[in-house]
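Just so it is clear, A, B, C, D, E and F label the chains in written order, and each chain counts residues from 1 on its own.
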């Protein structure tokens, strides 16, 4: 009855060539190829990798005023965002197919009807292509001024069917969403096994959060972070005063953690790169011996707590 | 990824030759030609332009009594109304095609089955011809005695596809419908970009409302108004006592406003004419930086407010 | 059966002495006294008058980073906020009682249990003291980084009973909330008569919005705005580069509009001051002849639109 | 308006003298005195400190059988448990009063009516004495065979009023309850400021969880752990085969973390001891600038998630 | 903290001298004295011991008719019943006091106001005298024609305080009430320790039920049964045709069972007598290691089942 | 109107070949064939028959620690569990169809989404195949560390329609669930006629509980128990020290009881085997003359007790 439940997973630590989609996809392809050559089954790219994370910008905002230059910057950012699904996700699907791996990628999504931008993670299956997306439900601090808020309709846990006897349930949670307990509980309820966390949070303390979640959810946690030098930003981008072009703007911290809290790879800091880990999904079952946070598991107290999730969105 | 999002739009300020469909279409054609020569992409005609707005008439009604003469007047008005779609919209379609522009035109629509008249706006696409109509959902005051009430089935936002990379979502709202917040919210929810407001409201204060809507909806607002002298009414039409034939019966006030509330053209008062403006649809995106009233935008509070719209009509 | 339905109302245009509560209350008292001497029945103070609007600050935020100095600035701002109700609203109540007038005042409210700040309007009745508050439901742009979002529990329309035969229903809507159609519809549904709009929006175009709302809601609109020179900000406050201390930072624009869109006072621009108007609540009835936006009025189309409002907040 | 919000807090790392209540209280008193001499305001003792954690025991259980010796061991354990409130909490209250500090202490509670044991944390106020208790809602693994499950009636957040202007909201969460997201959310909703985590989890990875919770809840986290050598267990206690009496059975790991994830003290490993930290409750406010997980805070998405908590227990 | 929790308990197997209260009390006194001499702490007498169980009688009833003789028989039975409390319970109290033991005695209770008879168990404390009664809630078969139905107001669990450190919670359940699961659950919820079951059910299978209840409730079960020869009935009592006077009419079956299902005494069959057992209340705690049926115990599933009990009687 | 209500029922006493599904099904098939040859209509297999009951194991747990070996043992156990419904229940369905009998079988169920194991009884109908399952709601003692807790959604009473005029309502209750009064009451409320009790409780006292339930519920009780020698456990399984391979590890005790408490077959002890009994469902009606524990029966006191059952589970 038992079959091999092993997979190879990877996280890519890389920065976006801001406002240059071609280069962005080139770099992505390079890492996908590298992962494929190492027989990786699933790879995660950082938050906002496609579209970019224009760190340090304020889009010309101060309390009580917005500038025309800020509006133009926003338009440029909008135009560099992608539709999901759309032509770019089609390209990603063909890439995933060639490389025979599943991808979770942070993108800036443009919802053209309403003109809203979302910080989104797309799920690309090697066979089915684009299968699902998750829109960040709560942007952090300054992000709140440029990104909309995802709703309950994009909180998927996707089953990646690697072979007839090997599959994994995959979710995505972006950056500080990882501090929203009810969102995590929602994914646990759906039986997430590979919990992907694209981010741009480069604090060292981030590894505590990733480790905690692996333990709490008894799942593998894959955190992919951006890495950028100051010189990587396009000319004219507002950088901190006196910043050394060779200095590090986004330090990374990508890592892979097992369901019992062991760090399998990383945290990778202060350089770009690909981290991989051989994982055994059976470790999730081993870990559930003494904790299961699902609604029907040991740690459910459905007589005390009930979590209602509106997955029908605005109309629901 | 970014392409030119510029269009030229126009509003026509003109009065209906009452009870004379041929002359009505002639005048319309004259302005369409003029607009076409100026490379206009989209033009709006006033409320009730085809069929007419018989200002000052009471159709023989007093509280509790109707006269036979009034009934005859209604019959004449009914016979000058058009079916939508029908032969007249076919003519309009061919006109739009020749002029290569999109038209939103106020008409009096005859629903022959029930014998009801509606104050309607028709949408004519240069390629597809007649594409949609909006029936005014709430006639104002005395209008309520001659026009029926549109329902939720005719609240379209139509996509005008100018070229493969240039399109605009167009809606129509007639006269005081512009004071119905939920109707506007409905159009915002559908992502309206060019908000057309055919009207016969000629008060100066109308410009406040048009400006407010542009700001609130982050959309372009095109208001087209009728202009008529007293002498333009057919003989026998009930005019105010002592009105000077050279005096102005409907003063106009047509205008075009940008998504940040800048008046791009007009208000044109006290004369007939064509107003045009070069617009950049990207200004909508620029404006959404700090406000987005769609259900998923910054200004949505779907946890507090939920707007239900019955678009299925009476049976729905 | 008919009795005199006249009142005298006022709006105060004044700037906050930032981080100085004593001076803030002193100035407020001065204007309340002045209003009282003119027999004003109801007076409105601007958005964030108590607590202040630290225009131009970013609280040390850029995309992807927050500074320790920004956190300290936030703490200072937090400590200058007030509890509602609390000691300061008690003082306001006693002031209202002495002056025998109803006050609507913009304040920064501190919710101590959760540590959240709200941009709030408090309603102070001359007899009952503190009667209600409204928390801004959607902060604009940069504001979103320092203020929480009010929910459906604080959307009151308060009845101010001036005398046994004279009363008015009063609401408050803060700054760009005035661009949320469903919020306004909610107040119309509750029969608002005096619609107070404390704000810091000092664009000239603001008057269009105030005028439109008066027309749409058939209510009196009272907009109170802040006025400040650059020199009025405390030392060290981040001002725009090169700003002249004598220059104007917040230009005002306070005004009073009648239900038919007539501007009764203002807009007052580029100076501090008190505006008053004598109003006749019967004008609201006069205006409802041809438009009534309440759920049971002429302009309700409950067969098409239904607005659901969750006034029970989180638990609802 | 701002006052000093500083406190001194402590966690005690100490092992229970198993089955010897007198010695247990003696040791507790020694540490309370030490804390008092250092002007500590609040001190936390480990999980099950009173009553003890008989690590390595199975109470004679195997799958499908229980032994008489195991039943006797359970009786002895039952008799060493305390009633809450009861004579022992009275003693603790008097101790707290003398030492002028607030105590959170892990105890084994005996509910005599039903004969159930609970793993409980008691809250002892220096002025009011025993004020509240929290019963662990979900024992872990083998614990499930000897302890009952607390319900929603004992999930308090207690306000410790140190002085008229200085107070803190204190909660307790025992050991792996810290992996129940909805329990933590419940405490965040109640505005916890000092989150006490008595535990016997001595894995190094525990510090990740404590750090994560501080960041997620923007609160101070005080984790107090047991420390015991093998020789500290009473004779006859079932220890792992071949365990060296001088070896460490429970390694500790107590620590204190700030709301921004900085470890202020500890983790203390491999010895007994008292850890203290000077804390500034205002750091909670500083931290709330960019995250607030309460229902009304930035990170609440009450339109997506709703957490229902039954605090009425069995009868509710 | 642990003290001796041992008691000696007894059940009396004895038949009622029908319609002869003096002899009834004489026999009772004899057994009480015997028990007292053996240092018994608590003794149980059978169902209906005082008042009697007139086995084989139909009180002259057939379906649809009642006879005058039956009415006279009922009157005699009524007159031999006692008021509770009343003179007879006073005598019992003095007896209990002299013998220094707690008594649970089955009686026929006369409720004079309504003229209803109840099959009741009275609780007599050696110090406090009469303390409580339980009225059988459901008479069986023919019993239903002479006894009323008790309600929720007489379902007590009484604490018998033997000494400052030794007490027991005592309940009573009469005959086939022992087949009502919710009644038993109610007593378990109240923490019953000594479950008394006065009965006249003399089937051998009765011992299965007594054993099951001890196991299910983790309590001591004391079943006291009547023993009578045919010759013991008064002359004229309707006996089965051809019954041998020396034959046994009520065969007994009294017994005492421990919380783990061990039969400590009995079943005593085919003779009168006193059964005693030394019990250790701590065996209840030992037994709760692996089962606790109280609402907060291991076997409570308050999220699935909720038992509501109306203890306020008819009006409640 | 009356038709023959006779059936032949059976219980199988057999032990699981641990961790060997093929042999497990082989043995099952052997007994099903044997039962079929004897024209049995319904057969019950023991608790955990498929998946097995690894008696004596502790899965490496002691209070406060879990071993890696224990986690591996759990994984092995998990992999030997089955999905319900799933391929194995399909096989069982085909077996039931061939044998033309209804089966109730104890299995270990794997809920793959959450990784939780349940001790489940499956109901297999000869015509409809898999029809329902019951998950044990409360594992006993050590079991609590490896099995989850069923909820109210799997408490079925299934109608087995043997022929147009002969049907029986069948329930299942596993091992010590039989000590949960409210669960039994729930089944009585649903009119259970054949109460199946798969178990591994091999104490002699178990027969008291089975007999009591038959009497209390006025239903047929079919208890099927496991029988195993020590030598039947796989090599390396943790057995009691010094246990003789020929010794008995699980002694059985299977039995069949009638609604009036008569033991119709068994208890079979110390050997494997099949027990059968011819039953007459009309005996249930005969037994209800003097007792009926359903909510509308003689023994219901709905004015005193009300049992609420949440059959909607987590979402309810």
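As a working rule, a contact is a pair of C-beta atoms (placed from the backbone, for glycine too) under 8 Å apart; a residue touches a chain by one contact, two chains touch by 3 or more.
Everything quoted here is computed from the prediction, not taken from an experiment.
Visitor: So which chains are sitting against subunit A and subunit E at once?
Guide: Under the touch definition, subunit A and subunit E have D, F as mutual neighbours.
Visitor: In steps of 5 degrees, what rotation angle do you get fitting subunit D onto subunit E on the CA atoms?
Guide: Copies differ by a rotation of 75 degrees.
Visitor: At the place where copies subunit A and subunit D touch, is the share of residue numbers found on both sides over half (same) or under half (different)?
Guide: Here the answer is same, because the shared fraction of interface numbers exceeds one half.
Visitor: By CA centroid distance, what chain is farthest from subunit E?
Guide: B
Visitor: Which chain pair shares more contacting C-beta pairs: B-C, or A-B?
Guide: The comparison resolves to B-C.
Visitor: Report the inter-centroid distance (CA atoms only) between subunit A and subunit F in whole Å.
Guide: Chain centres of subunit A and subunit F, defined by C-alpha means, are spaced 47 Å apart.
Visitor: Find the geometric centre of each of subunit E and subunit F from their Cα atoms only, then give the gap between the two centres in Å, rounded to an integer.
Guide: 35
Visitor: State, to the nearest whole Å, the distance from the C-alpha centre of subunit C to the C-alpha centre of subunit F.
Guide: Computed value for the inter-centroid distance: 69 Å.
Visitor: So, what's the distance in Å between the C-alpha centres of subunit F and subunit D?
Guide: Distance between chain centres: 41 Å.
Visitor: Quick check on subunit F: which residues sit in contact with 2+ other chains?
Guide: Subunit F, residues with two or more chain partners: 59, 61, 66, 141, 144-146, 149, 151.
Visitor: Which stretch or stretches of subunit D touch subunit C in the complex?
Guide: 1-2, 169, 190-191, 218, 282, 284-290, 292, 294-298, 300, 302, 306
Visitor: Inside the complex, what are the residues of subunit D that reach subunit F?
Guide: Within the complex, subunit D touches subunit F at residues 53-59, 61-66, 141-146, 200, 238, 240, 250.
Visitor: Quick one: which bits of subunit D touch subunit A in the complex? Just the residue numbers, please.
Guide: So the residues of subunit D touching subunit A come out as 137-138, 140-141, 144, 149, 151-152, 155, 176, 179-186, 188, 203, 205, 207-209, 211-213, 215-216, 261, 289-291, 293, 298-299, 301, 303-310.
Visitor: Touching subunit E in the complex: which residues of subunit D?
Guide: 21, 59, 61, 66, 68, 70-72, 74-76, 78-80, 111-116, 145-146, 148-149, 151, 313-314
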